[in-house]
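There are structures below to look over.
In what follows, chain A forms one complex with chain B and a second complex with chain C.
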Partner chain A sequence: MTTIDTDVLVIGSGAGGAVTAFLLAQGGRDVTVVEEGPWIDPDAMEPFSLEEMVAKYRHRPAAALGSPTIAYAEGRCVGGSTEINSGLYHRLPGYLAEAWRDEFDIDEFGPDALDAYAKRIEAELAVSRLPGAPPPSSALLERGATKLGWRAVEFARVFRYDTAGRGVKQTMTRTLVPRAVDAGATVVPNCRVLRVLRRDGRAIGARCRRTEDGRVEDLDIRADHVFVCGGAIQTPAILHRSGVRGRVGAGLKVHPMIKIAARFPHPVDHGGVPMQVITEFGPNLSIGGSASRRGQVAMALAESSPDFEEALADWEHVSVYYAAIRTEGAGRVIGVPGLRAPVVTYRLTEADLSRLARGLVHLGEALLAAGATELYPSVRGGPVVRRPEGLVDWWSSVTRSRANLMTVHLTSTVRMGQARSRTGTDSFGRVWGVRNLRVNDASLLPDAPGVNPQGAIMALAARNCEQFLSEA
Partner chain B sequence: MSAGSNGRAPTAVVTGAAGWLGQNLVRALAPERERVRCLVHGADDAPLLEVVGPSIEVVVGDVRDPATADRLFDGVRAPAVFHAAAVIHPESTVRELFDVNVGGTDLMLDRARRADAARFVHVSSNSPFGTNATPTDRFTEDSPYDPYLEYGRSKLEAEEFVQRAHERGDVETVIVRAPWFYGPYQPARQTQFFAAVRRGRFPLVGDGSQQRSMVFTGNLVDGLLRAEATAAAAGRAYWIADAEPYELRAILAGVRTALEAEGLAVSERRLRLPALAATVAEGVDRVLQGRGRYVQPVHVLGELGHTIACDISRARAELGYEPATGLVEGMRASVRWCLERGEQL
Partner chain C sequence: MLRFEREVVRSLVTSPDAHVRAEVEHYVDGALRAMPEYLRGGLVAESVTLGAWAGIRGARKPTEPEALARLLGAWEESPLGVLCMYVRLFRSLVLFAECELAPAPAS
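== the complex of A and B ==
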């Protein structure tokens, strides 16, 4: 078995891992990053294409069990979910920072503290607004909102624009991963962590399994410090496989989304993801647009109605939109030794289901106001709605057995804070009970932020790195 | 704002107009407003209201329905909106509480904003506040939220929407929190309550010293009209109830007195239940509601052991509200209403 020695081992290379690797390498530490997925050239594939989904997503039937099940998507590649998400950027809302600090007793945490780190991240990634007019799929949401008098905003994105106005999403493989390598970090792709190695109450590295050219090799990486940054599903699973339990894995939070494939009397663009978001019903309900290439349109139509062939033939006139909620209910991740995939469960309350139904009705109002002629909800059996009079039927359609829900935002499985009975780590991500073992990703967020969490994860990770560098 | 000099809008929109409160409110509004647009759920309810007066315009539909909401506000400018539609006892599942109480409020606030409503008077409840710690404790408007089960949670979320709409300038709002009603146009459950008291079958839980605020519908209507008309009430919340809370045993005695005063014989029987029974019922209710189920008798019994009492000082000071009708007088009016309709008590 090969053994590698390093000062800092970072497990995972997404929003949390890439920030950690970059800042610690820049801080003069010897950093090794292991990533389960492959390292794919960011220019090699069309964004949001099926080819990209096949290459960069984690593949297995990934759904949180419960009634209803909630399908979830995770990146499994260098750069993690930053490679596949919409790139919408949002700082953690200040009121949540305050509420979390108070509820979980988080030291040195609050809007001002986090904003300082957010500014650095924004400068590093080029967070920006669209230089020109929004694409039709996005402008339609704005039109619907304007007609109804609803608040809508264009979200900033981690995009860099050239002089011609063409934007490129600033994923981690375009930004912090190469910069970490430039600062001396080593990235080992195709390398899955089996478990964290411990001795005498402290982490001393990880047992990994690397796959290269079809060859499988076990690998021990010895490290003085271990940062687990696998995201809210994989991080608790790795900790469980390593014998770390406590509150780890409990309290999973997601933003369940219910969708509508909307057909318009004119063609709609399909290359990007809308950046307009209807904020009228925030903070617990938000409305926006989804990736709408042919594959996504087909899936969305099929979820609704058995009679979707005709609409699918007209797919260039169809675009997919969502309503997403913050939930009262929560879930759990359980890593089972010997099983590759953790068991993930999620429980929605009746209030949550009602909120989803309300979101669907509001989304339908906005799309009809924007000129849509047919609405296919992600509800088995629909009904397909063509006029405002039909929207009311969706209240009774959105049930546990008929709603098709999915999520891309997964958080809160190893919550941080000094309230030890309810958290998995202290205020800076140090895992309770195991020295030199830290978590630094979406798992730490005490609750779902109600917006794309990437900005919050990155600012938080940067904060924790600074604390680490100041102490270790 | 097109409110007259007395602060009362010429046009009123009333949701839940065929309900217990709605029927009373519409009868107060009908003679003094140019138009009273009424939302009712069932087509059968329309004729009941249309007879009230020429200003009444009934819209039949679902308060969660965007198309119904459009019809309700169609051609209406700067109305006073009285949002009384809500579900308190769902038929079987708690989902309905959120769909109607939260979803309906959300939609009505949106349409009130679009219609430039002069004011949105929201009918809320004691349930976002839970139960009092002791029989002499009183809720004020500054008491912390502590919702009682799923109905409480749904009414709390509705209040939050109302407050948000006011704070961000969508529409001027006032929240009126009312406890247990009594008065004419009562639903079947209240008639059953009278009948049970008359036959000595309504249980006195514990020693009956737990206190309950109640509100006579006439008093509540007065409070709602004041909430609409008082300029300084904008953005505020008020408890509207009878002058003082009553001990549970005094409420039962009051009902007996009212029944006798209206010529009905009352049984000498007194059914008593230990306080434990209510505690057990509350536990069962929590388990059921946690699974989405709602069973009304269990819920009602579970609540009976508690004190739920409020202090109306702020409404007195700021709205000039003074409850005109007391327990026995109000209960007599209710009994007479039942008898006039030929109901079996």
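== the complex of A and C ==
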């Protein structure tokens, strides 16, 4: 058994963990980051490819049990899900910050304070909008919205553009992880945390298992402070394995997405993800574009109809879009002794299903208005629609047994706030009942924000780091 | 990957290229291994049950490879969610892998 001593142990290296490691190392603390997955060169693989899925995803796929099940994706590599997401960036909407502050009694939490941290993060990541015209897949959404008189906006992205307009996604392995290392942090990849070690009511480190070149080695990392930043699924699982329960794991929130593969009379780009989002029905329903390589197009087409070969042969004219909702229902993450992966469940209400059906129909309207000639919904046996009058059939087709849903945004399993009966940590991520143990990731958000949560996670993590440094 | 699962994958792959077929099988095998245990456990139970059923129906005789494909097609259209989800899971994995690994046919 090898033992490492450090001042601060950060578990996880995604949006929350990378911010934590960077700011605390920059603040002069001795920081060690452990990451379960490998450290992969961000330029080594094409985005959304099979190769990337094999190397960087935790599961291919996993699903939250429920009716219907909801497939979900998580990154498992240095940089976490920032390595595999679309890179769309959005600050936490101000009205949500105010509502959460009041509902969960969160101290020093409001739009102005968070915006100040968000500005710093945006500068670090070069958050920007696309220079020049959007790609066709993105422009089509805008065209559809405009024809229908709906509001659509171009979301900023964590992309840095060169003078020729070529963009590179600013993942954590391109930005804050190397900057944390430059500031003195140590990153240990391929290292799974078995449990957080505790003594006399305080966290004193973690027991880990490192796998390197086929060799397995157990490792104890002794730390004065432990930050768990594994994301909304792994963080509660680690805490459960460590004997920390209470409200931990309850209240999982996701943005379930229902999709349409849309066929156009002209070719559509397939290299990235559209940055236009229809916000007309926000905050509870948003419409945007998905990854649309040939593999994703094939899966989307097959979800509605067994007769998709002809459309697949024309895949260069097909792009995949989604409608995503905020849900009334919620889920749970349960760490089960003996199982490597936690059990994840999610319950959608009838109102949620109705909202998904509305989203599917609105998405169909926008795509037909944009010139799509055929729409394949991610609904089993959902009729392929070619004209607006056909959309009416979709209202009744989004049922528990027929809807195929997925999500990439997972939050709220260790909520923060002073309302102790409904939260897992205090207002700054300090886990109730265990001194020197903190959570600093998507788990803390009291609810799903209705937009890509990366910006909110990073601003929140920066806020909590500043609080931590001010305590010392 | 269980024997029946391998047969299902082989019946769903459309490429005649032996290398692509092997790579798709390898990908699906990896995906099943990477599944959370609670999902994989349920899938194994389904595979054992459905494999036995397919055997009884004579859909797994080497001389009749199309029989399994016909049976899978029927399961996919079944009103029983568990049957349909079973086939859809394998079809999604195979489709994605095949589209990624095999060059797109010239349009």
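Everything that follows uses one rule, which is that the second predicted complex is superposed on the first by the 470 of 472 C-alpha atoms of A that agree within 3 Å, B and C clash if a C-alpha of one lies under 4 Å from a C-alpha of the other, contacts with A are read in each partner's own complex, and residues count from 1 in each chain.
To be clear about the criterion, contacts are C-beta pairs under 8 Å (C-beta built on N, C-alpha and C of every residue); 3 or more make two chains touch, one makes a residue touch a chain.
These numbers were taken from a predicted model, which means no experiment stands behind them.
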item: Partner chain in contact with A:Tyr376 - chain B first, chain C second, else both or neither; value: neither
item: Partner chain in contact with A:Phe109 - chain B first, chain C second, else both or neither; value: neither
item: Partner, of chain C and chain B, that touches more residues belonging to chain A; value: C
item: Which superposed partner A:Ser354 touches (first chain B, second chain C, both, neither); value: first
item: Touching partner for A:Pro388 - first (chain B), second (chain C), both, neither; value: first
item: Touching partner for A:Trp315 - first (chain B), second (chain C), both, neither; value: second
item: Which of chain B and chain C A:Glu365 touches, first, second, both or neither; value: first
item: Chain B/chain C common contact set on chain A; value: none
item: Footprint of chain A on chain C - complex, ascending; value: 27, 30-31, 34-39, 73, 76-77, 81, 84-85, 88, 91-93, 95-101, 104-105, 107
item: Residue ranges of chain A in contact with chain C within the complex; value: 49-50, 54, 57-60, 62-63, 65, 69, 293-299, 302-303, 306, 312-316, 336, 339-344, 380, 401, 404
item: Chain B-touching residues of chain A, taken from the complex the two chains share; value: 148-149, 281, 350-351, 353-355, 357-358, 361, 365, 387-389, 391-392, 395
item: Footprint of chain A on chain B - complex, ascending; value: 62, 64-68, 70, 93-95, 97-99, 102-103, 106, 110, 113-114, 150, 153-154, 157, 292
